[in-house]
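In the two assemblies presented below, chain A is common to both, partnered first by chain B and then by chain C.
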Partner chain A sequence: MSRLAPRRQLPVIAWLTLVWVLLWGTWSWANLLSGILVSLIVLAVLPLPAVTEGRRVRPLALLRLIAYVARDLVVSSVEVSRLALSPGPRVTSAVLAVRLQTRSDLILTVVAEALSLVPGSVIVEIDSPTGTLYVHVLGVRDAEGAERFRARALHLEHLIRRALPAMTREKEAA
Partner chain B sequence: MPYLLAAHVLLALVAPLLVRRLGRDAFLVLAVGPAAAFVWALAQLARVRDDGAVAESYEWMPTVGLSLSFRLDTLSLLLTALVTGVGALVLVYCARYFSSGSAGLGRFAGVLLAFAGAMLGLVLADDMVLLYVFWELTSVFSYLLIGHSAQLKAGRRAAMQALVVTTAGGLAMLVGIVMLGERAGTYRLSEVVAEPVGGTYGATAVMLVLAGALTKSALFPFHFWLPAAMAAPTPVSAYLHAAAMVKAGVYLVARFAPGYADSSLWRPVLIPLGLATMLLGAWRALRQHDLKLLLAFGTVSQLGFLTLLVGTGTADAALAGVTMLLAHALFKATLFLVVGIVDRATGTRDLRELSGLGRRLPAVAVMAVLAAASMAGVPPLLGFVGKETAYAAFLDAPRIAGWASGLTLAGLVVGSVLTFAYSARFVWGAFADKPGLEPVTPRPVGPLFAAAPGLLAAAGLVAGPMSGLLGEGLAHYAETVGDGHPHSIGLWHGVNTALGLSALTLAAGFALFAARDRVAAVQAKAPGVGNADGAYRAVMRGVDRVALTVTAATQRGSLPAYLGTILAVLVAVPGVAMIRGGQWPDTLRAWDTPLQAVVAGVALIAAVTAVRTHQRLTAVLLVGATGYGVGMLFALHGAPDLALTQFLVESLTLVVFVLVLRKLPKRIVERHSPVTRAVRATIAIAGGLLLGALSLLALDARVAPPVSDAFPKEAYEFGEGKNVVNVTLVDVRAWDTFGEISVLTAAATGVASLVFLRKRTGAVPRAHAIAPPPPGPTPGPTPAPQSVWLPAGALMAPQRRSLVLEVVARLIFHTILVLSVYLLFAGHNVPGGGFSAGLVAGLALVVRYVAGGRYELGSAAPIDPGLLLGLGVLVSGATGVIGLLVGGEVLQTVAFEQTLPVLGHVKLVTSLFFDIGVYLVVVGLVLDILRSLGAELERLDEDEDMDVDAPLAGVAR
Partner chain C sequence: MTTFFDALAGLLVLTGCLLTLLAGVGLVRFPDVLSRMHAATKPQTLGLLCVVAGAGIRLHRSVDVWMLVLVAAFQLVTAPVSGHLVARMAYRTRHVRSDLLVADELRPDLEAAGIEPGPGRRPPRRGRQG
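Now for the complex of A and B:
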């Protein structure tokens, strides 16, 4: 279990301190200092191995991603409700294999989480070496519907990769 | 006096460390404790002689009238000197008796010191309850000492027997003490004796107290535990079974005799029992081949003799009694220690195998002869003085009927003849040259080894001629008994009847010894005298059988049966009372917000579905849904603390359920008849309705203003917190919380002990101790991540890994921990607290375990959960002391406030530390559950799978 170099832990400490200050809900030097202290202690007492995958955050792209997912949430909720409430034959569904461009664990996970979050689609399985997601999707009737979903998933991946670009170029090139 | 006791406790605590550092020589250091007490006791001699007694008293529990009262009078002084003097010498002896490498020596030394302390407390205590506490402590320590060699079945059995017999007597004694104390209006021993409680009541009470004395001093019919207790190491026998513990009973009789000897039952019970024990013990001592057993039965006999003397209740008998008490301690301890030396030097205690030892160990033989002569009553030793005084006391016994005193005297003479015979047999058996037997070649005996018995034997020799002086001192006690005019004691009172009886005893005793072969033949024909051991076993077997029958009848092991019984009783008793007498509210409000109805509806649907489903996992999830529903109701009702806790507990319960479900079949198979189901449904529905109705009634039954009106203000003023729930937990009812975390600790330990068949302690195995899995292609889609997210993720079987779980666990773990720390610190003023914070931290561990398997758990928390649990209880408990230190009560909240630069106003509340203890306990509990129900079950499964899936199992192990 290798520990991170202090410099690379800075973002983590910043994040944990931010969480701490937000939890207390008030700004004060005491909260900031105690937040840093708590973060350091937590990281020192219960360390985790270094994440080999470094990523930056692009704030603007992140906002765009959040907006997209939020809109998708609303649209899909309405869609699923319609499917559930409408009378008639059983709703069809399909398990689709979506091959993403990325091979990154993190991006795969975030895409999978975002798809699962949205009603109507659930991740069944992930094949990490090939970057393939197997998704159970509600309301897909034909090949056209499947392609529509694939396109949505790939657009989501694109947005996520824009929001969280890799630190180094060659990583992303893989 | 408390300081002396504290010194013993301290020495007992450091004894294991000392033994580890110094080996057996640690006993020499430890002997300082009793030796100091001995010197202190002698230093009080003048004060006790002039003032009658030295007394000290400290408040203990004033509300119930208990105090730490100590009193040193003549009798206590004698016993203190014996207990501490012999104690110190026995400890010195231990330093050579044991080898440094003996198993459990540190523990043994600690317990022996603790016993010495308890014994000292016993003879000094002037409060009857305090005396009882020390009394029971000696029983417990004696149990540990007799059972020192825990691997020997005989030792364990003897220890248990001694404990059962003496505590049974002790319980009777407690009843007697309470009876006396309540009637007398005081628990002061000296006052209860000075102004005795009379009548049948008093006589009964004192008989109950004597039951304790009789069992402790191994009097017939309770004598059997003492010979069995010879399974103890010899120093223990010398100390406990000669000088100290068995004398506690005699001490108690002597203590009560001044006030109660004339009570109606006293003499009719004590004199026959004492006499019978003396004769029985001596008779059986005559036929023993094991030297130690011979001494044990001799001790039984002597204890009968002593009880008889101090129980007679005349000044002369009392004087003889205390003289004999001293003499017996000196000679019997010597003899036991000599047996220990013989045993160590030759490897045997069987007098049929020992021959010619007297010539090879002359110094030891001289000690033994001196001690045995004192026991036999040979002049000029102290034993002779005591015995002759005893004869004289019964030749002229003012308060006893003539025929009774004559009969007793005759019994005494017969007993003394037997005593002479077995004393002679002891010396002959241990040291004589026996024809036809190869002389033994003993190992050399060092001077320190022989020092203790040597000193004790010499003391018996010196005390005889000095007995006049001794008698003057002891007369202070004898004067309090009976008519209060004891005759003086000494070696020579001229030619009189007592001297004649002494001479007769010696002659007849020698004759009996000389005719030992014929005696043995007679004994062989008349066996089975006083087989109380058999009776004890029969009683214990009976108790076991009854317990088994009762348990089998009431504890059938069926959970539905238990629940059904509890619920049925609940419905039948409070339910009926409620229907008959309940005040139903006039108006009902359906809900405060419609949302409550929605949540309740969902919870109800979940509950009904849970009953109907046939999938175990579904049922568990549905039950969880009802729990979350209740949590929602709490939140809607404005109880965020309860809601938070409910949610967390529910989540953790789900995890535990699922962990256990792995071991159960997936489907719930319905095998019950419709009648059974109908009965169960009825009970369940009735129980639910009853609880609902009860809450309705209870909420409407309020007549006083609710406590919650004043609560927030009081909570802040006394508990220093704004969150009343948390203040309630850590301050108002901190004792309950402390009790609860103790129960939690016990429960966690219990669960773990049930699951862990190998060993209980130790952390979960960690990843780096394990070899990585063999590389190789795995068929099908592999969810395994490309890079390292969790330390032990790579050790999971690839098909069981989940990329999402691993990545998410990696990303949120520290954030959850920060949340948990926040809840812990903020909980005193806003929702949160140690309990919920601990649950959150526990859930963080759950996430790690679920994502990364059992080695991940080991990496996440590389600590023994038992350590966390213990630390938590310790921290909480230690916090309680802070309140005491600042002059408040235990567990009272104390706030430290300070204004610091930059940080501003900082307020530190002690109950935070209490909460940290709770936090640690909860984390420890979760870790323990994960470790036992998760990791260990996983391991057991893998063990089972070994044959099927060898490479995988090989990796995981």
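Now for the complex of A and C:
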């Protein structure tokens, strides 16, 4: 596990300091300086592994992604609640393998995180070398429902890759 | 105007409570661990966001609002992780009602990788259990 290069530590320090200032709830120079000090101590005591990929953020695509996930969150929350209340036979589900196009660990992580956030899908297993997510999907009744979910997951991946494009050409498996 | 914001805050808090209640109902009614994870980790995420938003509107002049922002952010980041870990454990220890799965694309791949899911393979338990 290689340590983060000093230049790469800056965003981490900024984030930790922000959390520190938010925890205090008030803005002051003392809070800012103590926050930076605490972040430096945290990074020295608990070093993070380096994220090797350089990625940019496209603000507009990111907003589109957030809007999509937020809508999904509401729609599927209602759906899971409906399944919880609906009488009748036991709800069926499926464990589906979704093979993503990307081989990037960062994209894989973000897709997994976004999928898990949305009700109705839980990540059971991840195979990073092949970029495959194994997802438990609630309320799948047949093969058609399974394909619908796969298409949704791939669309999500598409949105995430648009929002976080690689600085250089993305490594793709041939 | 304050009446409006009070009403909005109340509505958000009540919606959040309702979603959390429905999550509890799902926890009791869903048949196995994997299905229950959906109820336990999800509607409650949106429910918590609603409660936090409602509380934020009521407390908008207090310094505690920033704490609420952190609560929401960390909930969004951590809920998927815990959900994944419990689901992975449940699958590998065979706490899955395979009779209620219409497809299982993980089992063949796991077996191909030489991983036999779980020692405690047993027939599905009937009826509701706590």
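Everything that follows uses one rule, which is that the second predicted complex is superposed on the first by the 164 of 174 C-alpha atoms of A that agree within 3 Å, B and C clash if a C-alpha of one lies under 4 Å from a C-alpha of the other, contacts with A are read in each partner's own complex, and residues count from 1 in each chain.
Everything that follows uses one rule, which is that a contact is a pair of C-beta atoms (placed from the backbone, for glycine too) under 8 Å apart; a residue touches a chain by one contact, two chains touch by 3 or more.
Keep in mind that what you see is a predicted model, and the values were worked out from it rather than measured.
Asker: Of the two partner chains, chain B (first) and chain C (second), which one does A:Glu125 touch, if any: first, second, both, or neither?
Answerer: The answer is both, since A:Glu125 touches chain B and chain C.
Asker: Quick check on the superposed pair: does A:Val95 touch chain B, chain C, both, or neither? Answer first, second, both or neither.
Answerer: second
Asker: Contacts for A:Glu147 in the overlay, against chain B (first) and chain C (second): which applies, first, second, both or neither?
Answerer: So A:Glu147 meets neither chain B nor chain C here.
Asker: Under the stated touch criterion, which partner chain does A:Val74 make contact with: chain B (first), chain C (second), both, or neither?
Answerer: Touch status of A:Val74: second partner only.
Asker: Have a look at where A:Leu83 lands relative to chain B and chain C in the superposition and call it first, second, both or neither.
Answerer: A:Leu83 contacts chain C only, not chain B.
Asker: May I ask you to decide whether A:Glu113 touches chain B, chain C, both, or neither, giving the answer as first, second, both or neither?
Answerer: both
Asker: Between chain B (first) and chain C (second), which, if any, makes contact with A:Tyr134: first, second, both or neither?
Answerer: Touch status of A:Tyr134: both partners.
Asker: Identify the partner contact of A:Val19: answer first if only chain B is touched, second if only chain C is, both if each is, neither if none is.
Answerer: Touch status of A:Val19: both partners.
Asker: Just which bits of chain A does chain B share with chain C as contact spots?
Answerer: In the superposed arrangement, which is not itself an observed complex, chain A uses residues 19, 23-24, 112-113, 123, 125, 127, 132, 134 for both chain B and chain C.
Asker: Report the residues of chain B in contact with chain A in the complex, numbered from low to high.
Answerer: On the chain B side, the touching residues are 767-768, 781-791, 802-804, 807-808, 810, 813-815, 817-819, 821-822, 826, 859-861, 902-904, 906.
Asker: Chain B touches which residues of chain A in the complex?
Answerer: The touching residues are 1, 12, 15-16, 19-20, 23-24, 28-30, 33, 38-39, 42-43, 46, 48-53, 103-106, 108-109, 112-113, 123, 125-129, 132, 134.
Asker: What residues of chain C sit close enough to touch chain A in their complex?
Answerer: Residues in contact with chain A: 19, 22-23, 25-26, 29-31, 34-35, 37-39, 41-43, 45-47, 62-67, 69-70, 76-77, 79-81, 83-84, 87-88, 91, 97, 100-107, 109-110.
Asker: Using the touch definition from the top, list the residues of chain A that touch chain C in their complex.
Answerer: Contact set of chain A toward chain C: 19, 21-26, 73-74, 76-77, 80-81, 83-85, 90-97, 112-113, 115-125, 127, 132, 134, 136, 138, 140-143, 145-146.
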